[in-house]
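Next up: the structures, one after another.
Both of the next two complexes hold chain A, though its partner changes from chain B to chain C.
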Partner chain A sequence: MMKDMIPGFELIQPSSVEGALNLLEEYREDGWALAGGMDSLGWFKNRGKRPAAVIDLEGLDALRGIDETSNGIEIGALTTLTEVERNPLIRERFSLLSEAASKVASPQIRNAGTLGGNLCQDTRCWYYRYGVSCYRAGGNTCYAGATEALNREHAIFGANRCVAVSPSDTAIALVALDAEMVVRNSSGERVIKADSFFMEPAVDIMRMTVLNPEDLLIKVRIPNTWNGADFYFEKASDRGSWDFSLVSVASAIKSTGDRIDDARIVCGAVQCIPRRLQEVETMIRGQIRNEDTAAQAGSMAVQGAEPLDYNHFKIPLMENLVKRAVRG
Partner chain B sequence: MPELLGKDFIPPDIRGKVTGAAKYAEDFRMDGLVYCRLLTSPMPHARVRNIDLTEALRMAGVVDVLTADEVPEQPGAATNILTNEPHFVGEPILAVAAVDETTAQNAIEAIRLDLEPLPFCVDPLESLRPGGPNAYLEGNTVVPRQGVQELKWSTEDFEAAEEGQLPMGEPGAEWSYGDLEAGFSGTALTLDETFVTASHSHHSMEPRTALAYWENGKCHVRGSTQSQSFVVPGLANYIGIEPENLVYVAEYCGGGFGSKGSAYPCMAIPAYMSKKTGRPVLMRISRAEEYYLGSARPGFQGRIKMGFQEDGQISAVDLYIVQESGSNGGGGDMGAAASAVSIVYTPLAMRYRGISVLTNTPPRGAQRGPGQNQIAMAVEPLLDKAARQLGIDLVAIRRINAPTNDSRYGASRQPVTSAHLRDALDMGAEQFAWQERRARSGQRNGSKIRATAVGQAFHSAGASGFDGLVRITPDGVLHIHSGVGNLGTYSYASTSRVAADALKYDWDNCQIVRGDSSLGLPWNLGQFGSNTSFTMTRTNYAAAMDALRKLKEIAAIEFGGSAEDYDISGENVFSKSNPSRRMSYARAAQKAIELGGAYSGHTVPDDINPMTARAVASVVDTGLIGVARDNMGQSGMVPALAAGFIEIELDVETGKVEIIDYLGVADCGTVNHPQGLATQIKGGAVMGFGMALTERHLYDDVWGLPGSVGLYQAKPPSYLDVPSEMGWAAVNIADPENPVGSKGIGEPLMGCSAAALLCAISEALEGHYFNRTPVVTDMIVNAYSGQPQSHTPLQVNTQ
Partner chain C sequence: MSDTDAFEPVQNASAPSPAVGHSDTVVIMPETRPEWSRRNFIKGVIASGVTVSGAIYFGPALTRPQSLSAQGVERLITLNINGQTRRVDVLPGETLAMTLRYKLGLTGTKLGCDRAECGACTVLISDVNHYSCTLLTHRVGNREVTTVEGLEGANGQLHPVQQAFIDELSPQCGFCTPGQVMSAVALLRSNPNPTRDEARIAMAGNLCRCGAYDHYLNGVMRAAEETSNA
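So, the complex of A and B:
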């Protein structure tokens, strides 16, 4: 249960990315990379995560900022969500991401929270956050998936022992934009496609991303692939602000006239990872963008959904959001 | 004509709040202060088998540990200060004092606590089933004068109810009036609906922190309460001292909403710890802890049968409520709900039955409109359902049933002092352009449907018999001693202005004395129950009248004649026949000291409360003392009534509700403080929107664990969820039983907005009645999609 009292830890504030990577390498599982703190501080206050050393990234200016490259843009992982939301270049080319960033939590949280933090945050399953010993916490059961469990916010796809969902609003936008995650550790750098960045519980139930303890998300690259596409982002939630998605959708659609040339459609809060709807994308490719196509897309999007006791509402909700995204 | 009442002003505590100089309980520090943290129960019901403190006490910086064995046990189904048998997750078992909070928390982690799990219950109906679990070892309900008893309904009781209907076994309370059978016979329409209203946490922004120390035989406590003087006897009792030995400071309160109206048990923990350690102790309660051990509004599982005549008049109501009363027996919500029905809808005949059931969830207590607001959410959409079926306008059906000055209240058919709900409805309909908006209500634009609706609510809002105390010092300043407390509504200040008006004082020459019992504060009712505007205007008026009488008597002593020969003006008392014979208030105050006796507080009226007598004694000979009990009499219940008008847009594909516009209209008698009232109307509306739509109160019934222990999980609305502009209005008709015409109003302002919003959602969904509140997103999506709801008809704590 919640303790609301941060335990002691060693706070280290490196002044270079290399220094930070060396520290992450040194501490591994006992280290914790702290960005905006919007997720981390909750864990610390609950004493649910107790790192020996917190590596505060605050001083790493190299990880901030938005730059134009020859093939798109790069966003430093420490760039705040407010900056992502307001940046003219992002708004001009990839308004899908600015829109997604603008829907995260509240203005105060967006001012402090970073893009990297939003992508790497842990799931919000209330049982897991409460501190029960579930699979994700290293235990041997799933409380949220049990009969009569209160699982209104949980997964309708891809449950595998764990039924938690990806809480990130920006993740679905970046998957839809074919973004790449630049990840570095003290041994080198690797680039990971956004749709391969998030971790399914079937692969590793205790991680939300492919990041290892010694890894740091450095920046996000968005290629110009979808520059000029028609974007749609919508987040359904209980409150208009300071809330996580019940279901969200991000889409990028390229058309010639009314005919759809190509599309990316990704849903959030329905699975442990951003759920890319490749079958729907394939189905609508070449179709006229109209109400019928939208309805077919919505219907196809929810095929195979497996609701829990309290979340079958997510099926029509997801269907509606996908329909709206395709309808535009 | 009053100079001050009815006008805006700057309440004296504003500056401190804006600048940050205001000191709330956790802002105090003292030399030698130690910090206290709580070890709370991880189980919904358990018994302590053993506590091993060895390792904790060995830790550097740990000062001491306080256990339940060292504090008095509270009788019956009450929350304990500390307990060896916790009845809800988060109930304090012991406290650790240390040099800092981190050390205290680390020590708590080092304590080896051996708990024996006991049966628990988070659903009242389950507890009423034969063989169902009890929240207490002794039973599941509180019987007056008998304590906790077991009450089970029979299998036949449960089988008698149709699927989804509330079973109605033996009640714990009941009353009726009129001929119920006749009321239901020959009606044009009868509705019989089962409903659930959820429990709601109080979400007070300031958690219930307390600091305590002992000095010269007295215990000093800095606490977080809505009330001031009313807290003292209860807190002294928890601490085990006489009220005169408690110094209580509560100058500011960061929200209570009913949960801090009186003393509460955990406030006493620092006092006991301080006594044990000999050091000042600060116990800060965290946000999550506030959700665990704070309190909540009781939820209802209810059933209501309403008979309507062809013109919409309600001829009969039969109401049954099962109240979820948490771990402490809850409050009187269910009875208050029934009484509210009797006055808001004035049925010709009515029966009420109710049973309060204990569960292993947080303590329940009054929350803004306790009972009245829950029932408004259940009944108001039903009223619309009836109106639609009878072909009556939604305002018209409310008008025909609305109370008047001749209406009667509750089981005892008590008269009312004044009731102008009909005027509020008329004023609201006009200002909200009701007909025009209704014409477009139901119109669809894509997936969005517009809807306009109205809601109403009530609360009894005034009391009498409390004391007022004012003091004119030789510098001419009027000191208005207020023991009511500072909930945050500024009504402590606006009601004080009555004394200034009565004595024709310049407000700049007045000071409100408050916030610290050692300053000499009278016995006043707590700041709850929407009573302050009515109650405190009366007490302050009574004290001012006493001061006025003494001013005139002193002038008569000085200049001759009798008191009746004198009048006041410009802070002078003068002879009516020879105005040159005048004496300033300052001089009169000096004269009062010289005269002594009642004039300067050496003697006091026999009928004032001992606390007030002590307050006077503490300021004796400091000036002219005006002190009196409010003996003005009260012939009936003081009804606060309110109507809310709303226009929304509902997106049926996403369940998103956008509030386009809102207008709240109050029947609060004469308006004391327009800006304060406007803030109450709008703030109440925001709170009501949360209660109707977004707030969550979750308990897993397998493990008894709470799922909403943070603001982001419990989801009260933020300022971004409501319109930036909302309208307000007041009928502004004086109540005849208040010297300045005032009535309270705070609570129904929440209920009417919640009801209006729920009615609007139903309206957008072609009259769909949800039988459950709040109407959260999944319910709207399921309803529109034609899917069954996830929450079975009588489930609780799942939303």
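So, the complex of A and C:
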């Protein structure tokens, strides 16, 4: 156990968002925003990341809580996953998100882990987590994509040197709900659509989101657009507790009678970013919601999948999850 | 091994911290050790299912940059533990499990994985169960911490959960028990009459290597019954 002592850093506990933003600006790459710590402390213990300063967001009460706005709801980035899971307003309008949050890790992790941290967490590729200098860590090789690599959990779509996947269960729900991320740094605020928030390795292999080191995710906005839609969330994982998704699906479907008016379908753990299935969404619009449509949707969803040595199983798994989501 | 020698020296803004690790730490560098071909390394990494807990001490992050300004936390802090005020000297990167076990002598809290993957270290913070291995002590502030040592009543009688675990023969080896007790207490404080399924979900963050899950669940249900009848 003793080897897992966290090496020294300066721990700073700002009491205002402005204070935190100034510190992030001051330290940039050498700073680290700490939310629930569920991702961060593992990195620190493994010495995989060694920031000079850890900027503790714990004291920033302005980033906590769930509010109703004129056209939807806003969830502060520091709101815990347990609160997201239990909040009556979220349950009533966007149970897709409550359900996704309830499937994250374990009760204790949800009690500490925050929505912001869940969205900003790093990938779980264990080669990378082990501390090797792969592409994502700034090196010039990918261990997981190599011959005989253990890549059962890795990507079947969109690989570009890196084959790691997006680990976040809440991310797919928020992309399906067409949420927006409110991001701030010391020079201003910007709002980013959930489906452009996550970073593809082809664009920047060393980041999981568009956030720069000096940025803070402040809150997530969910518009009422999909309030009242029929939601489906399913996560396939090795164990029912703790384990990350092998494949997951989140969907929102609006219908009139049996006929599908509109849909958003997103899969997790198949690509480095939440994978939105726009072609499937377009195909099922106007169709009757039945077994046939569901089967077509499933097979369309996995077209073009490129499995690695050990993750072929993800193709039928994804096909079935999409099928179930569309069948309802 | 003495417990304190593992703590790193006082952090000093003007001096770089010493190289990480201890004399018994084996540093494996697949790129540089000939007997560790890259191929063997790729085959040899064992996937734990969630994360790899093995620490490796190399790579681009080895050199710690200097801090730019000194505005960090005070090391001497006051904690509220089991109803007592405890003054304690805490490093910035110290976890609550470390502080409890190795600074305050509260060894009822166990360390299993040290990675938020087992639940042995579960304690209550303001009545909510948390993994103390994955929580910096400095974040606790003046919130109330309860460990398994803090559960017994005024006359030393066991907490109803502890008593029910004994009556139901819940533990087998006992290593996971303090954590199981704390999660059960947290559950009953927020939901005094859980269904068995609710209890199962609430206990899902505590692994039991002996597989005594159903026995623990029996204990939780018995404690719920006895406290609501009392």
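Definition applied: the second predicted complex is superposed on the first by the 325 of 328 C-alpha atoms of A that agree within 3 Å, B and C clash if a C-alpha of one lies under 4 Å from a C-alpha of the other, contacts with A are read in each partner's own complex, and residues count from 1 in each chain.
Heads up, the rule we're going with is that a residue touches a chain if its C-beta (ideal position, glycine included) is under 8 Å from a C-beta of that chain, and two chains touch if they have at least 3 such contacts.
Treat the numbers as computed from the prediction; the structure is a model and nothing was measured.
By the touch criterion defined above, A:Glu279 reaches neither chain B nor chain C. In the superposed pair of complexes, A:Asp309 makes contact with chain B only, with no contact to chain C.
Touch criterion not met for A:Glu200: it reaches neither chain B nor chain C.
Once the two structures are overlaid, the count of chain A residues touched is higher for C than for its counterpart among chain B and chain C. In the superposition on chain A, contact of A:Asp262 is made with neither chain B nor chain C. Of the two partner chains placed by superposition, only chain C is touched by A:Met38; chain B is not. Judged by the touch definition given at the top, the superposed model places A:Leu11 against chain C, while chain B stays out of reach.
With both structures placed on the common chain, the touch criterion links A:Glu234 to chain B but leaves chain C unconnected. After overlaying the two complexes on the shared chain, residue contacts for A:Glu25 are found with neither chain B nor chain C. Legend: residue contacts after superposition of the two complexes on their common chain; A:Asn320 is shown touching chain B, with no touch to chain C.
Counting contacts as defined above, chain A residues 1-8, 46-47, 106-107, 126-127, 130, 132, 143, 146, 148-150, 152, 238-244 meet chain B in one complex and chain C in the other. Chain A contributes residues 1-13, 23, 26-27, 30, 34, 37-38, 41-42, 44-50, 52-54, 56, 58, 82, 105-109, 111-112, 124, 126-127, 129-133, 137-139, 141, 143, 146-150, 152-153, 238-244 to its touches with chain C in the complex. Here chain A touches chain B in the complex through residues 1-8, 46-47, 106-107, 126-127, 130, 132, 143, 146, 148-150, 152, 234, 236-244, 246, 309-313, 316-317, 320-321, 323-324, going by the rule given at the top. Per the touch definition, chain C reaches chain A in the complex via residues 1, 6-8, 11, 13, 17, 20-22, 25, 30-31, 38-39, 41-43, 45, 47-52, 54-73, 91-95, 98, 111, 114-117, 119, 122, 128-131, 134-136, 138-139, 141, 183, 201-202, 204-205.
Interface residues of chain B facing chain A in the complex, by the touch rule stated above, are 37, 40, 42, 89-90, 101-102, 105-106, 109, 286-289, 292, 447, 653-656, 658, 693-694, 696, 698, 700-703, 705, 707-713, 715, 717-718, 720-721, 776-779, 781-782, 784-785, 787, 790-791, 798.
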